[in-house]
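Quick one: the structure is below, and I'll ask about it shortly.
Chain IDs A, B, C and D follow the sequence of writing; residue 1 opens each chain.
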């Protein structure tokens, strides 16, 4: 067996060895290669210039961590068959294959009532059919069972989808690495070395849990996760980029709804399909072309259209796109509480007056009144995050010296865990820096 | 002055501090933001999945190294005025602003007789005009003189353009970092700490040179450079990606030349402009729209078109593009010497027979005969590299304890330097893996 | 000024530049060179084999961080004079110069009622006297004022001694680096970049505080500190090493008290001095020779004696030392609460019976009965730690956008801060692994 | 098998897993624990303050690399039995167990005609005897055969002792890491992934070689090795430290030879043994106590004595030791060629006159005349290094695609290899900085 592995050089994990059979066949599929054209952090690279890494690189990384996790688990007496191993690697590689471009930002702006996991599952099925005749084709069918949580050896599903899964371990470490946020660094290696199926051999539903000596590593992982949320994923400027991108897409959709699909000239057929049709998550299962179009989409389609729309006749759309391309974002301001409709109306009218003054939307070809335009120039949202779900069925388990598995917060520093289990919600409003918005709770003129 | 700097988080250099005046104004220009959409390594990320880093990030990095270099030089008694400092930072930031998408691969396929430095200069002029009224506008004009090598204090130009300039120091370190090729690691910090203008104060043409104690750091820098060439920049699979991309563009140009510009549907106006017109480097100075179109181009335009052309009527173009998008590259084989025309003809006809057998180019809508098609399926090239130019005027200077500057090879290990100064040339041929090409020097049938 | 700096290569901070005047003169003093022979983590290297780093390296690192902190503060408009700079660097370099060998373990076993800060101050005075005639001698006197908190510009003292001082920033980062506990990694660079004296110029007592954008960096620093405590400084095996070393020294002191000073043969004169005499912290100020002897002590003296005592006539001492040298530590078990005297007596008698059975202390030359011996073979202690003191005068200040300084917990995630402000105390007991000790709260025979 | 491994946290390799059977038993032996008290780089830490790492840490690292190397080799079809694996790990762990304190400096000053490998072998035999009854005792006997090159499967010996052995791979990487000399970084992981036994299964004497794709990694390894020699191991100040330490020991030996063994008061018995007796390498095999004493020696013994000798009656010895302890080294100057005896005499008499002037050796209790003293104050030596031995039997083999193994220089860039194969020799002279020595080739007065 002269060359059983292909090596990928990865700045995060060093070398990643991919077995040459089914795994390399999967990597060569267009659905997986497409992940090379989807950035992991969406607009994040516009705030952290080093963070251009793609979902492809992350998928490889999750697969590499699965290799390490299984090696550790086997070393502690839990047997893993060759088919199980390949299935687990495939599930780790493909867990996110259904992500679209700028997923977290645009997911619901392209397809209604949709979650990317549906699409991951759908593409997994497609790949399993396509590679059904592959000598290791069984493994891909087992991967689907693991993904669905239907394989009897439950720990495989936990490694693919849980609060300590390979996905999270890789993305936290990778995002910390590429953003340069050193504090987000997770001791992934240490964590993997403390995983154990318990009891190691025997009951098929034995869960995977962390040995007691790994408890600080788990805690630190949750803390890093929380830190990455506030410092990266929900960074104010990242939120501002998200809001701008959504505003542009809401505006494009308005054109289509208004019967002005000419705005779609220059869009790729795939993107056009989702703009023209009101596709739902369920359509993806029933309409084959919907899946095909989805599988053709990547960041290129979105960016290309945004670049063309800079020159659109509609000055609102053109300005939103120009701002995105030149990274001339709006400002995000956090609010002490969710703004009322009355407040939003008041603020929007301030923005409308500014637009009128600046003449931005004055062009006659634009059907928008200033008040209409202001709906794209002042938006609101809520960033929210919870580092640890301690609910039954979700919680992280710790194996004591007595072999019993207990929920993390029964064994760790309770005060710290409580802090991590709280859901933090921060409402915000987003608007042009140039507008001197009066955000005081009551109208300035109320006196 | 509460907030004089904006911080960028960079995984390579940690934090990069950008002064808020002219420097931040420059960074916000569309010409500079555009570098965010051009990958530093062209097709390199298809071989090293972590290497998605952009020219924007590199430009920031070169600027950061310039800050360190100037701090070191000043600390050794060479005064630098605020205007000079800003000019030097601007020159470092903008040195590569004229790069286009997939520069090293496509440069000559978009524009004839052109070098990206011409465009960098042209955009620098444009920015200097646009920001002429900026309070630090003088610095930008000085940056242009430094770029042109016309500023009397010669060391500034050396820091921007020489064998030890900030460009090379940043890109080598950055490329090694993102590709994960740890051996390419350069002790940049050490190198910068050993730079010195000599004599430190006085003659305006005093050059910058390396102190004798930095001699191993220089040697190691050259060795790393050589290593990165063979291991990354001229990696066989990278060359294969280059050849495929060029073949696709040659084919598109053929369509235009043959009067079939419909192939350009779906291209961006900017890319179309260069495909339709036979633009030369000189046109860029005389035709304003040429510069505008160039400044609008980035990787998105190229990738978008390649994606669309996968469905082109011409099966040759469609196949080449599909292969690029799905990363189904040809094979590159190095040859002991440059192949003769006779050899190339023989190999091409083998490829043509394989195409005929496989039916790839059989579609009637394709005007290409199999022989014509084979011109895109078998290409040749030469990779060449020379780590160190020891010629007068180019050489790296070393300052001895006596204050005299000598050329590097007078002071370093001669055998090693000789090895590094040699030009290495490796001819290669590139063709589909599926063809079992007989590369023996003489025809197999010659017996 | 051809060579104003001497460079030290440091794996943690890269290059450290030391100005050649007073700073290099200080580094060359025997009192500072002695720190090269005192490990930063005491017995920690016996658990983390990479953690052999010394207090010398840490002192250099703290000085390097002071350089960065001052550069940041100056960049925000707070002037620092050359003398102040040198004084601050000197204070950072010398802040720990009074540490002795295995300080945290042995401090109170060598000198009564003593804290190493007293000795740091005393040695600082001595150096200031010795270098009084140095051209920068003023700076050293100012360093003493800064150390004492008597310099009017209060922020200098804060940088030398507070919850965010250069000492802590360097040691946390350095200890995380050398132990390989990646989760302990602190974003020191980020933290330093967010420090600001506020108001920047004006009142001399203006404090240094962290800008609001650095709040996650501070929180992460405190979390890392807590993590390093539990994972490194209070690691069970580190505690076991501490207890063994203390037991050996208690035994040696017993010999001296019993009038058997022959045990001191082979000790260095410096160590003998502290074993023979009952020195207190106050003696160090009044007895010059005490300071001299202290300044001659380092890890070598302790290790050398432990090695010789392996062959001592007293089997208790010999065994304790042999165990330390061969790293054959006792076991540490954490207890739910502080054990009662009755419990300890019961456990000690179990250990005594084991000693009798094993014959360890049977040798006639040993004056110890088994019960006496057991006092060295079963010890108890409490590890305690509190990551953040939020009390007035100690708290970390955060500067809001309004320029007001507020205490950290007024602005950060309260739940997390509360967790960090709690004092955690864990009692433990330490005894030979070979003894099957019954640690149940009530005697087993109580039924 | 719940806990089969003990984890060591290592800043270089992350976690190192040590199997709990024979391997942990070996690590717990005093002979191996002793390596914790011997610094890997001898006096190197006095130049690179971070480089305090010990031979213990390196031994663990070499063992860890052996694990990786064997995993790679097995993955390519070469079977390794459990006993072979344990034996190979043991041989890697123990390959340097015979090193003494400051080995490279003092080896020949403690024992005549000795090489530390003899002692490593002797201690390996001792451990094999002690652990003969261990369930894995066979493996230790096999380790000895592998060490001796007598095991039929030759590649095991190559992994333990050759130009690409685990020892070199670990120490280069480790020393680069701890000194902070980033350029010395070796892509160890890449190298190990390209090792292959060829043919993989079959002939027992099949050698291990590097796959062709690893050729740049090998070249880079040799280049790094050369760089580390000039930048670290043969750094001028390191040489100065070596010379000072040797001068002190020559002086102590002189005291013993002159019948003044009182100088040995305060030495450890182990060190005294070697100073009093004229031990040769052969004695170590025949005199059991010699081995015992050797196994008790570590850096502590040497440092402790140097500290005491600072106060010796002999001013020559006292001054040499004081200089070493306070790091007040002599200067090293490289010479164009080996100095003649006449030159050395002339230089020594300059030094003697300086000593007379300074009164250093004036004390009557010193039996030395100034001329005698000058023999310790001016010494000479030669630093020499050769990065690659291309001789048959030593050379590194490269496996081509055809499965044939060729010597490295047949396949790599010849000019570079030639440079690396050259032996570089640099004579030097070492003397007090304060002496203004005239090093001109001919006497100044020769005119």
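What we mean here is this: a contact is a pair of C-beta atoms (placed from the backbone, for glycine too) under 8 Å apart; a residue touches a chain by one contact, two chains touch by 3 or more.
Everything quoted here is computed from the prediction, not taken from an experiment.
Asks: Counting only C-alpha atoms to place each centre, which chain is farthest from chain B?
Replies: Result for the farthest chain: C.
Asks: Go through C-D and B-C and name the pair with more C-beta contacts between its chains.
Replies: C-D
Asks: In angstrom, rounded to a whole number, how far apart do the mean CA points of chain B and chain D lie?
Replies: One centre to the other, that is 44 Å.
Asks: Express in whole angstrom the distance between the two chain centres, defined as the mean CA positions of chain C and chain D.
Replies: Roughly 32 Å separates the two chain centres.
Asks: Rounded to the nearest whole Å, what is the centre-to-centre distance of chain B and chain C, using the mean of the C-alpha atoms as each centre?
Replies: 51
Asks: Please output the residue numbers of chain D that touch at least 2 other chains, ranges allowed.
Replies: Within chain D, residues 9, 14-15, 181, 189-190 contact more than one other chain.
Asks: Show me the residue ranges of chain C that touch chain B in the complex, using the header's touch definition.
Replies: 1-5, 7, 14-15, 17, 75-77, 189-190, 193, 200
Asks: Taking the complex as given, what residues does chain C use to touch chain D?
Replies: 8-12, 14-15, 28, 30, 33, 36-37, 39, 45-46, 48-50, 52-54, 56-57, 60, 177-181, 266, 268, 296, 300-301, 303-304, 307-308, 325-328
Asks: For chain C, which residues are in contact with chain A within the complex?
Replies: 181-183, 185-187, 189-190, 216-217, 219-220, 223-224, 227, 230-231, 413, 415-416, 418-420, 422, 424
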